[in-house]
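In what comes next, chain A is part of two complexes: it sits with chain B in the first one and with chain C in the second one.
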Partner chain A sequence: MAIISLPDGRRTWRRFTPSQQVIRWFAYLIGIAAFVWCWNRISEATTWFFVWDAPRIAGDILTRAMPPRWSYMENLWVPIWDTINIATLGTIAALMMAVPVAFMAARNTTPQMNVSQKVFRLIPPFMRPWLLTSTGEDSYSIGLIRPLALLVIVSTRSINSLIWALLLTAIIGPGVFAGIIAIAIRSIGFCAKLLYEAIEEIDHGQVEAITATGASRWQVMAYGIVPQIMPAFAGISVFRWDINIRESTVLGLVGAGGIGLQLSSSLNVLAWPQVALILLVILAAVVISEWVSAKVRGAII
Partner chain B sequence: MSATATASELDLLLGRKWKKPPFIKRPWLRWGLIVGAGIYLALAISSVPVNWARVYEGLERGAAFIAAFTSPDFVSRWNDIYHGMMESLIMTVAASVVGILISIPIGLGAARNIAPLPVYMICRGIVAVSRALQEIIVAILLVAIFGFGPLAGFLTLSFASIGFMSKLLAEDIESMDRVQAEAIKATGASWLQWINYGVQPQVMPRLVGLSMYRLDINFRESAILGLVGAGGIGATLNTAFDRYEFDTAAAILILIIGTVMALEYLSGIIRAKVQ
Partner chain C sequence: MLRLEKLTKTYPTGDQALKAVDLEVPAGQVLALIGPSGAGKSTLIRCINRLVEPTSGKVWLGDQEITRLGSGALRRARRRMGMIFQEYALVERLTVMENVLSGRLGYVGFWRSFLRKYPQADIDEAFRLLDRVGLLEMADKRADELSGGQRQRVGICRALIQDPALLLVDEPTASLDPKTSRQIMRLICELCAERGLAAIINIHDVALAKLFVQRVVGLRFGAIEFDGPPEALTPDVLTQIYGEEDWEQTIEDVPDEEDEEEEAEAEEAAR
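Entry: the complex of A and B
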């Protein structure tokens, strides 16, 4: 916010000072230049003839795809069942692995040890935020396992489930099993991240109360921490299950089972009426799972 | 809850061993859920065909893949990797810019407190369609229509960004502080001035945060679009897997993870600056 003097001597209000404005315009300039450069690169790699022809092609595909081949539905029930299984079993497996990872990543539950200031100085500065869990008067608590847990979270989260599926079909062969494991691995990071944030936000008083009764470390966890994160845990599970239904519908494109297999084989033979039906089924599955997840989360929270 | 329990309820509990209260209170619902889940799990697990011999054979390849992470091969396919990564980044940046620009008017239209009902319905419809279709399916259709190459990927990511950004932006606008916006209106501001001075400053921090987050998501998604021919690093990765060149695949995955981490770090800094 700034008061600016105009050339004729009057004073007026502007939202930004001149130097702020210069910086903003410069940022916009860089942004636009970057976008134009990117667009040119995309444009060079594009066959524009196909693009000008696109409306005709789109219309052509649409007339071929309509009406959907409803009779193909009888071949789809088993793939739908497989798809639901991939999502559900994958989510369950992911949660089993995510819980220990989350407890290892949360600052208040990760195994930690106290070190003196002298030792703490030895740690390189960029490592400190990863390791430090709490600061005492002149001692520092560091968790050595925490960076490992965070690495698991980041690496499983950054890689799409289709890539995991691609990898797993190469390793353990195509099929539903590869899909389940792909979904499970991909979901670990997501669930563990949300869960460890929930663990870090718990009310410390309850934990202290349980500790004061002379409870062991595991009892503190079971009676002090777990009841507090249970609603978050249930919410995260359902939320991830919803996403997994969505993702498992396309895993078949790389051979990992489910309705995507039918989609890819129909696409390969250009059977557009079947493709239309499958897309409708996928759309319905996505909408229903989102509805279920919203209802369940509404009931929990 | 013990706080709401009456004295007679407490008398009943006296002298008995304390039991942890169950997460789901109604017993019929609890047992129904447990039995239902058990039946479902038994059915589901028994219907998954697992070829353990094949899995056992694969363990060796799995070990080879994990070992490849210790010696990733960036060199022998560097040209392909470089072009794939550049294409992914280019698609990501271009699609994020276009997606965000388009999602701002749609986000405004999808906020019930500033848009009239017909506009609201149309914009919510666009958001719903964009969110219901997954990137990869959109990419398949767009590749069929526009041909192979990054243009299809760019359009896919832009389309997906619109649904995501508009929905979250609209929710943020709906939960904004009405008083500030009304104060601007009371000065006699036009509609555009009202949006610019009353609404925009309130949602700007969140919009910047969301944009950075979407940039991050778009990059991750761009890594798979190549599988269906929509450009980017996915095609290179697919080829590497098909040829069992695990060291090259490991190099690509490390680059993807590294880029995602760098983007997350960057967005953390920018969000901290804006908020």
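Entry: the complex of A and C
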């Protein structure tokens, strides 16, 4: 923001000062130069013959895939049912683990002690960020509970469910169970993160009022916090279930059960009409799950 | 009945919200706590039931020293102190009945409260209280469906079902229109008289406080500046508490509109 005095004594206002303008101009220049350079590098590394050929190949596959082989459907009912079950059970298992993690991660509910001023001063300042987490005006949580909960959230979120499934089929063997566990682990972080943000945003007045009645810790949770986060909890659950339906359709690629197994075997033998049918079934499942979750969310909010 | 001895609260930022406050409230006395924003009124009443932990000093309720209690004993002591809030602080997504019954949380176990299996005596009392404040037919409504005045009445029921000896009331009328404010203040004071409760009422509206209370305490910068009957609130005293301003209008006797309001209430009830 720049207020500039004109020679005749009046003042004017411009969004940027002249020096800011120069800096911005250079930033744009560097951005465009970088884009052009990257484009060249990618172009050198691309076999353009295949790219120009792409529409023909795609058209070829499409004509081979049409019409879908409808009779193959009888082999798909069980796998699609498995897929939906993987998503549903995985989501339920994830939520059961995500709820305690979220309560431990939220600043206002993480187990804490009131650290008195005396104790606070006893801890050397450089140690404080490691030992204490600020949870209010003069309260800190001591120890590793909140950092651990945050670590669970970050680590489970950072690994894709397909990779979890790859690991788990090696550990507990192929099948639906590995798929459920993979979906569950992948979803903990997602659900816990959104839930703990909802917990941190609750109205503290309601919690205070319940505390003032002489309610115990658990009663304060059940009356002061849970009703406030119920809409968020329901929204997160159906949202994650919806995502998990999509994720579980590919788990079969690594042998973790569901319709992905049929997809990968059909792809391997180049049975394009079967692939087309499987993709249509997946599309239908996703559309239905979208519709259900939209209905549920609408009913809650 | 309630006695504060050198009650002090220093926030970690170094702000002294309360500076060695001494105060004694006899049983059954309704006391208005006035003072500018930031004078420490809210901190004072929250230090009494230790929603805010006092830095030093003592709080005695009867012959029990609240400031020395461990967490279990503190919970039992809190049952004797009902609290009423400015923004009502009802659990918005629960019903009126659940909100009123939540006042009994200190008396029932976790699973009973979780499953909403309150003793019949508590439910009877909840109905009696809702009837007393005129909200009987609202019992099954959700709290966020009510108007401000109705919500505050539910808040009052929740405080009273605790069977308290003392009410801590934080700005009960600050979110209400002038007429509802008067009705709520009258209701609180009537109920205190009926049940012989002592009350500390934080209030911004000096004129309203003067109408209903027996004693006024003025707080400024965390220290008591004035303690006396409402009639003793002169412009000089108000200047001492709040700073320079023309106070003549505030302390002028407001004509009591009791009869008029009674009629209006009767009309409302008829509807």
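Everything below uses one rule, namely that the second predicted complex is superposed on the first by the 229 of 301 C-alpha atoms of A that agree within 3 Å, B and C clash if a C-alpha of one lies under 4 Å from a C-alpha of the other, contacts with A are read in each partner's own complex, and residues count from 1 in each chain.
Note that in this section contacts are C-beta pairs under 8 Å (C-beta built on N, C-alpha and C of every residue); 3 or more make two chains touch, one makes a residue touch a chain.
A quick note: this is a predicted structure, and the numbers were derived from the prediction, not measured.
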{"item": "Touched partner set for A:42, first chain B, second chain C, both or neither", "value": "first"}
{"item": "Partner chain in contact with A:218 - chain B first, chain C second, else both or neither", "value": "second"}
{"item": "Partner chain in contact with A:54 - chain B first, chain C second, else both or neither", "value": "first"}
{"item": "First (chain B), second (chain C), both or neither touched by A:210", "value": "second"}
{"item": "Dominant toucher of chain A (residue count), chain B or chain C", "value": "B"}
{"item": "Partner chain in contact with A:265 - chain B first, chain C second, else both or neither", "value": "neither"}
{"item": "Which of chain B and chain C A:17 touches, first, second, both or neither", "value": "neither"}
{"item": "Which superposed partner A:173 touches (first chain B, second chain C, both, neither)", "value": "first"}
{"item": "Contacts of A:230 with chain B and chain C, given as first, second, both or neither", "value": "both"}
{"item": "Partner chain(s) touched by A:71 [first = chain B, second = chain C, both, neither]", "value": "neither"}
{"item": "Where chain A meets both chain C and chain B, residue numbers", "value": "223, 227, 230"}
{"item": "Touching residues on chain B, where the partner in the complex is chain A", "value": "20, 23, 40-41, 44-45, 47-51, 54-55, 58, 61-62, 65, 86-87, 90-91, 93-94, 97, 132-134, 136-137, 140-141, 144-147, 149-151, 154, 197, 220-221, 223-224, 227-228, 231, 234, 237-238, 241-242, 244, 249, 253, 256-257, 260-261, 264"}
{"item": "Residues of chain A that touch chain B when the two form their complex", "value": "15, 31, 34-35, 38-39, 41-43, 45-47, 50-51, 54, 57-58, 61, 81-82, 84-85, 88-89, 92, 154-155, 157-160, 162-163, 166-167, 170-173, 175-177, 180, 223, 227, 230, 234, 246-247, 249-250, 253-254, 267, 279, 282-283, 286-287"}
{"item": "Residue ranges of chain C in contact with chain A within the complex", "value": "11-13, 49, 51, 53, 75-79, 81-83, 85, 87, 89-94, 102-107, 110, 113-114, 155, 158, 162, 168"}
{"item": "Contacting residues of chain A [partner chain C, same complex]", "value": "114, 117, 120, 137-138, 203, 205-206, 208-216, 218-219, 222-224, 227-228, 230-231"}
